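Shared between the two complexes below is chain A, which has chain B as its partner in the first and chain C in the second.
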Partner chain A sequence: MSVKPGVDLPETSQESVAGKAPSFNRDRSRTGILLVLPAAAVVSVFLLVPIGEAIYYSMTNWNGLSAQWEGPSTYVTMFKDPLFWRVLENNAVLLLAVPVTLMCGVTLAALLNEHVWGWRIFRAAIIVPTAVSWVVLGVVGIQAFAQNGMLNSMLGSLGLHFLEHNWLGSPLSALTAVAITFVYSLVGVNTLIFVTGMATIDPSVYEAARLDGATWWQSFTKLTVPLLKRYFVFTFVITAISAFSALFSLIFTMTSGGPNYGTTTIEFFIYQQAFGTGAFGTGALLGIVLLVILSSVSLMQLRLMSRSE
Partner chain B sequence: MATVNLENIKKSYANGFEAVHGLDLSVGEGEFMVLVGPSGCGKTTVLRMVAGLEEVTSGTLRFGNRVMNNVPPRDRDIAMIFQNYALYPHMSVSDNIGFALKLRKMPKDVISKQVGEAAGILGLINWLDQKPGQLSGGQRQRVAMGRAIVREPSVFLMDEPLSNLDAKLRVQMRVEVSRIQRRLGVATFYVTHDQTEAMTMGDRVAVLNNGSLQQCDVPQVLYDRPNNIFVAAFIGSPSMNLYEAFLGSNKTTLSLGSQSIELTDDLVKLRKGLNRYAGKKLIIGVRPEHLMIPGSNDQPYLYGDVDLIEALGSELLVHFSIDARRVHASGVQEDLDTGFSISGEGVARAHARTNVSIGNRVQIGIYVEGIQFFDPTSGNAIWD
Partner chain C sequence: MPPGRVFIFLILFVVSVVIMYPFYFMAVTSMRSQSQYELGKGFSFASWIQLFQSVPVAKEMLNSLIVCACAIVIILVLATSAGFALAKAHFRGHGFVLLGIVGGMMIPVQSIIIPEYVNFVGLHLINNYFGAILVYVAVGTPFATFLMTTYFRGVPEELIDAGRCDGLGYGGVFTRIALPIAKPALATVVVLQFIPIWNDLLVGLLFLQEPNVRTFTVGLGVLASSRVVSIPGLMAGSLLSTIPAAVIYIIFQRYLVSGLTLGASK
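Now for the complex of A and B:
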């Protein structure tokens, strides 16, 4: 800032501003650091140290007892393994279930929000899976898709015997069955999130749209959906993270990763490698890959959220 | 353009509560009709029934000759301005104003032209790309107005559109809304609980209380000849002074507590109904401007004790006590948004330079021709 000659600046006030504010800010910073320190120590011990160790072990042939350093070549070996890509492909296919989960969630939320006939019963039915263990949901999935399960019984009673199939017996149909059970498991949570989001929209906005000539569908597409943008981003990200990191119980119960690795996800693959074959080093490596993927999804969420604000 | 007729309109809810009891009201082409009343009187319910946002329980709603009871809101050709404006928060000002036109699938250039014209009228040209969250209250109110006028509707509905604005902006927008309504010449229902807005904006004013129409007339008639004590107390700021009084058997001596004044023969002749109250109790109402402080001996006067003086610059509001019993119209006092809710027994307007102090006993002159008379049981005005 330039000062013209002859112009007297109030020095005392300048001093008070320049002198007091930084010291006040320094005190605040110091207090802040002190308050954060315990949490930072806990995070370091229980998160950063294990991650560092996992990175180290991912470059060894650790078998649980002894580890020999092999270096970054372990990553090259893994990336050349077709099974690794097959597992990632399964994850990619399961990711396709994410938009389906979102669409089911928002549609059900819209119906609940309209208080359609019997909405309280529907609400309970939709929300029940959220309160049930993934293992139980897996058992429900088996009951539905096994050779003598509900789906085949239904097809049989409709006279569609030619469509009957051991849904858990072939890779593609088994993966589809897992995906459907996954959608069923998460649709309740997503519906709840969207119902909450819809409750934040001012009802008079819809009334204004009705007077402006909007149909129900136009109100839904031009008002509800854009106004729920933040909720869509949030739901998309937590569902995508679940697709990578929450399916272990479901897969373990329904298919144990089979047939022929048809339903093995990266998360399940870590378990198979580490605890099935004792290749803890490979398990650590796969864990790091999963960490990178999930961190990328989370970063994407942060970026999308900040853009939608 | 259309006329709007409400014929014996009733609204009741599932719990049995009847919000509107048999309302008859008509609004002519281009007329500015204000619905005014205290909170919960049913004015917004009436507006929402006209909009189609609430079902009419019974009665007939017509726009022109067309019965609208079961016509959906989108087919009524109406535009409404909501109390909270109900702007679409994710859309720009331009998209908000043009939304209805877009839904009608009008060509983009036509939409752009009409939005531009509306924005020009409302002084929003520089704000077209902003979102509602970036605008001030006054600007949002203008956007809501723009959204309504761009549609060129047959009927305008406005639900307390100025109530969220500060006092100064409210006065400014009051003038603007009136100006735009007259320019467009569209039949308008305007809901407010602010009787100043009602008096200054309406061609006619319908006063509602407890779901019933109390009186519908031009503002000056409401002020000069209120139908009952509710209208008398609700219209006017400060409120009319209402007292229990006793009319002597000679029909000219009016006693208020321990004091009395003489009515003129002309007044008694004009208010033939007063004959029925000779030797009986009644309620009288006196506007603050019909009380003179200090009074003079050549006109009827009372003595009162000054409790409080409010200096408004242009005049004084002198609150005083007399020993007559004050009457409160139910539903009025607590809802008056005037700032004159102190519990003085009466209030008079006085010249700004009047020499009066708190605690003084003053002579209060009464302009007897301005006195209103009401039946003490029904609360209805006594005229013929």
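Now for the complex of A and C:
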């Protein structure tokens, strides 16, 4: 952005800005470089360099102390390992919780948007779990999903005794328990974003639809949902990224990845490989795989967002 | 109220009760001793006393506070200055730097944590506040910088021209004009960084292993996996760890929304 010569300037002791342009430009670019330097240095040294190291070490048999070069064949070996696909399958199942979270979020937002009596209190209640750490959710989750826990007693009081069992005892139900906790934690953020999105819609649009005889459901599906397309893309992406990279603490405290790898997702697998078995090279490799997956999700967001302009 | 609205009220009421139930469970359970918990009735402070006896609560809270405060202050300094430079004080190659920093937003902590850990072992930064703080800063700075860049882009160019007419250099424009009007964006950065750092387990578990530097969340995670404390004691700890994040959250709720929706609206 160059200096605008046409700007009306008040009388000052200075010469006109246009006249001082060269020195101001120099001052601008020097100040800019000085100001950006600390952040650029920190990001380079502690974020980009470790990524480079991780790429290098992913092709070695690194144990944290010494590393022998093995080449890209380490990736081939990993992609042939059934356990790797078992772990990715767990991630895929967890991804199914993402649309559920979005649906709950948009529904709750639509209900809050009706501004019924006490809606601010309800909004606060729905958003509170967002502030709670995954460690706490894991600790409470164990109590919720145990044989004599909250979920079973809730099912029992609904007469659904046949559904009662030790949820954390078998792989698929433990993964379901992780997914339920995930939805519980992220529904608030989703709701909050959709509430904000709905506030941007002009109320007269709804008024017109109502005069045309549209039902609440029709105006929801034909107006609200299409108008919030960008918000859907955005919440989908942040929720999917959370499903891949934010659940370590939950899995660590609630299931430790078990039973029998049933709740081991790729991010927990990284930790297990490196700090559980000492296979630092394998951990680094999995970290790169995770990075590739998440970058693809982010790039998909950019494409979808630019298309919905 | 018309019946439709009563129905909506009832749905929201039931959902809120279900969502708040775990907090009720934590509060009630923490107010019982182990035997009262098994019985399902009674009231005592025994579990809170047990928690404070078996865990250095004050020390761990102080550790959490030090780590969070330092990391957030450093992130704020780095992100505001870089954000201003990338939005207003253009230099040759600023687009490239912006791309690099935005690219950093895509990097999950799990992808860098192994090399970082080994590097920091060599630098003696394990079991040292500064090591964990550096990791939080590295992971938090890209998004904070992106947020500040977007914010400063919204500052009218006329305001900066006016500052220059008053004889300020770009450094002066930054500290005297841009910084004071950036307070809402700074609040957004604070709330968006505080919650994940306060609640973090992974970085703390690896970089702050020793009890004397451990944060409260890490302490709670270790406590949960070691099973030395009763369930009511664990619930007391859980409740305690939730309070600071919830307070920050309620105070800064407005800024949380603006930060979260930035990605959707821009």
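Basically, the second predicted complex is superposed on the first by the 256 of 309 C-alpha atoms of A that agree within 3 Å, B and C clash if a C-alpha of one lies under 4 Å from a C-alpha of the other, contacts with A are read in each partner's own complex, and residues count from 1 in each chain.
Convention: contacts are C-beta pairs under 8 Å (C-beta built on N, C-alpha and C of every residue); 3 or more make two chains touch, one makes a residue touch a chain.
Note that the structure is a prediction, hence the values are computed from the model and not measured.
In the superposition on chain A, A:240 makes contact with neither chain B nor chain C. Taking chain A as the reference, the larger set of touched residues comes from C, when chain B and chain C are compared. Of the two partner chains, chain B is the only one that A:210 touches; chain C does not reach it.
Of the two partner chains placed by the overlay, only chain B lies in contact with A:202; chain C stays clear of it.
Contact with chain B, but none with chain C, is seen for A:223 once the two complexes are overlaid on the shared chain. Against chain C, the residues of chain A that register as touching in their complex are 1, 3-4, 7, 9-10, 12, 14, 17, 24, 27-36, 38-40, 42-51, 53-54, 57, 64, 108, 111-112, 114, 116-119, 121-122, 124-136, 138-140, 142-144, 150, 184, 187, 189, 192-193, 196-197, 200, 216, 230-231, 233-235, 237-238, 241, 244-245, 248-249, 252-253, 256, 267, 270-271, 274-275, 280, 283-284, 287-288, 290-291, 294-295, 298.
Against chain A, in their complex, chain B makes its touches with residues 51-53, 72-74, 76, 78-80, 82, 84, 86-90, 99-100, 103-104, 147, 151.
The residues of chain A lying in touch with chain B in their complex are 202, 204-205, 207-215, 218, 222-223, 226-227, 229. Only residues 1, 4-5, 8-9, 11-13, 15-16, 19-23, 25-26, 29, 77-79, 81-82, 84-86, 88-92, 94, 97, 100-101, 104-119, 134-135, 137-139, 141-142, 145, 157-158, 161, 164-167, 169-171, 174, 195, 198-202, 205-206, 217, 220-221, 224-225, 231, 234-235, 237-238, 241-242, 245-246, 248-250, 253, 256-257, 260-261, 263-265 of chain C touch chain A when the two sit together in their complex.
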